[in-house]
Amino acid sequence: MSVHSRAGGGPVRAIIRLQREPIAIAAEVAKLVAARNDIGAVVTFTGICRADENGAPIAALNLEHYSGMAEAEIARHVEEAYARWPLLGALVTHRYGRIKPGEDIVLVATASSHRQAAFAAAEFLMDYLKTRAPFWKQVEAADGTTWVEAKSVDDAAAERWTAPPPRRGAAK
Amino acid sequence: MSVHSRAGGGPVRAIIRLQREPIAIAAEVAKLVAARNDIGAVVTFTGICRADENGAPIAALNLEHYSGMAEAEIARHVEEAYARWPLLGALVTHRYGRIKPGEDIVLVATASSHRQAAFAAAEFLMDYLKTRAPFWKQVEAADGTTWVEAKSVDDAAAERWTAPPPRRGAAK
Amino acid sequence: MTTGSAGPTKKIKVRYFAWVRERVGKAEEEIEAPAGIATIAELMAWLAGRGEAYAYAFENPKVIRAAIDRNHVRAEARIEGAGEIAFFPPMTGG
Amino acid sequence: MTTGSAGPTKKIKVRYFAWVRERVGKAEEEIEAPAGIATIAELMAWLAGRGEAYAYAFENPKVIRAAIDRNHVRAEARIEGAGEIAFFPPMTGG
């Protein structure tokens, strides 16, 4: 599923995509900056499937998601990021299904005139994806499958954003 | 100029490259994660030449740098980032020469097992590049050239890092 | 398990994800909860009484998250008017 | 401009960048500063006395940054033993 919202027929405001297929990172990010000349900063975050979970080797991750709710949740958080920072573009691509070590799981990209908004918005979106977007990771290992447990450190990271953002500097 | 340092014949620790040519972002980032399976998070920052500076249209930026010192300064800050966060890779590519609106100026990429180290290290490296690495931007416009003035907000951003890092969480 | 309240039962689509789905043994179903079941917490308690699989899935309702019509809700949320209710463990995406 | 100190002069390579370079009118040169010039601040003052272009370049030494042998230094830094000294405006990279 893909959502492209354009504010007043202008450039792409948000791209949200949930897919089984590997993420074409360069092509996705290119869409953010295409035909624009006001973007001075692009931050990307790529989450990659590691070959181990808590020290034990894994064969794959199986990503389950709540279709429909996931897109809506992500779209709401992208809009919240727009309300908090002067963004010029945002993109979230999240895979589901079976993902092998070394493969990408998620891509978040944010664009702004200046770097601090782009960094803050990307961190904000990742913290929310980790704690609020309805995705569940199952580890597939030699001795069976186990569900990944939510981490309190992720909850603490997401809590940071319940206060207003600490800085909205204009540094590029 | 390019510096590849490998710790004990292992994977690439730091790639530092100053060049006139456009930056092949996807290829550069691919080098960070190549042949590794312990990286769970990659953050990239791309700085792009905007079509305006302080509201006035520009024709190009001319980037001057102090060859030799720039590479050494960046390498020192990459090592400082390694000392502060559990990084698994870092890359800085900075262009010099004439850069037109829409073209990339700088790429910073950081890799770690977990996202917070990657985000923090990328912000740290960018704040230092903005304030300490010996590069100077000249704006080329229709009515002549002017040197970009340093911004106090960039100095303030760099000052953040003179205290120890506030968090070293293990959230991915 | 029933309550003392009168009133008609209502059909609700219920969906289960991750280990809640595995324990219940199905991804979704239509249920008819007694009219006296007013909140998510009460619905979980009622579901837990439907058999061994449900009892296992809902043995620790405090760790289970819920959504009504694709919005996160707390256990105290009222289910009246809900079209689709989902139960799942804490999210681990990203 | 000279100082009262005795002792031989020393040759130093000096480099200029950005608008310091433009004002001085050259990117680098070898200079022989009097032996009494001990610090970066004193060297800037001495350079400013070498003519109109230098006076213009160093008219506000507080805004000019310096490096000795490719390391950032403060205006109070001693230049003894320096092989290459650079003067430039605040950096604007990234």
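Order of writing sets the chain letters: A, B, C and D. Residues in each chain are counted from 1.
Going forward, contacts are C-beta pairs under 8 Å (C-beta built on N, C-alpha and C of every residue); 3 or more make two chains touch, one makes a residue touch a chain.
These figures come from a predicted structure and were not determined experimentally.
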Intersection of contact partners for chain A and chain D: B
Approximate Å spacing (C-alpha centroids) for the pair chain A, chain C: 29
Intercentroid distance (Cα basis), chain C paired with chain B, Å: 49
Gap in Å, rounded to a whole number, between the CA centres of chain B and chain A: 22
Where chain D touches two or more other chains at once, by residue number: 94
Shared-contact residues (touching 2 or more other chains) in chain B: 47, 115, 126, 130, 172
Chains touching one another, given as label pairs in label order: A-B, A-C, B-D
Chain B partner contacts - residues on chain D that touch it in the complex: 15, 17-19, 21, 67, 70-72, 86, 88-94
Residue ranges of chain B in contact with chain D within the complex: 47, 63-66, 68-70, 72-73, 94, 105-106, 126, 129-138, 147-150
Residue ranges of chain B in contact with chain A within the complex: 25-26, 29, 33, 36-52, 101-102, 113, 115-116, 118-119, 122-123, 126, 130, 151, 153-154, 156-157, 169-172
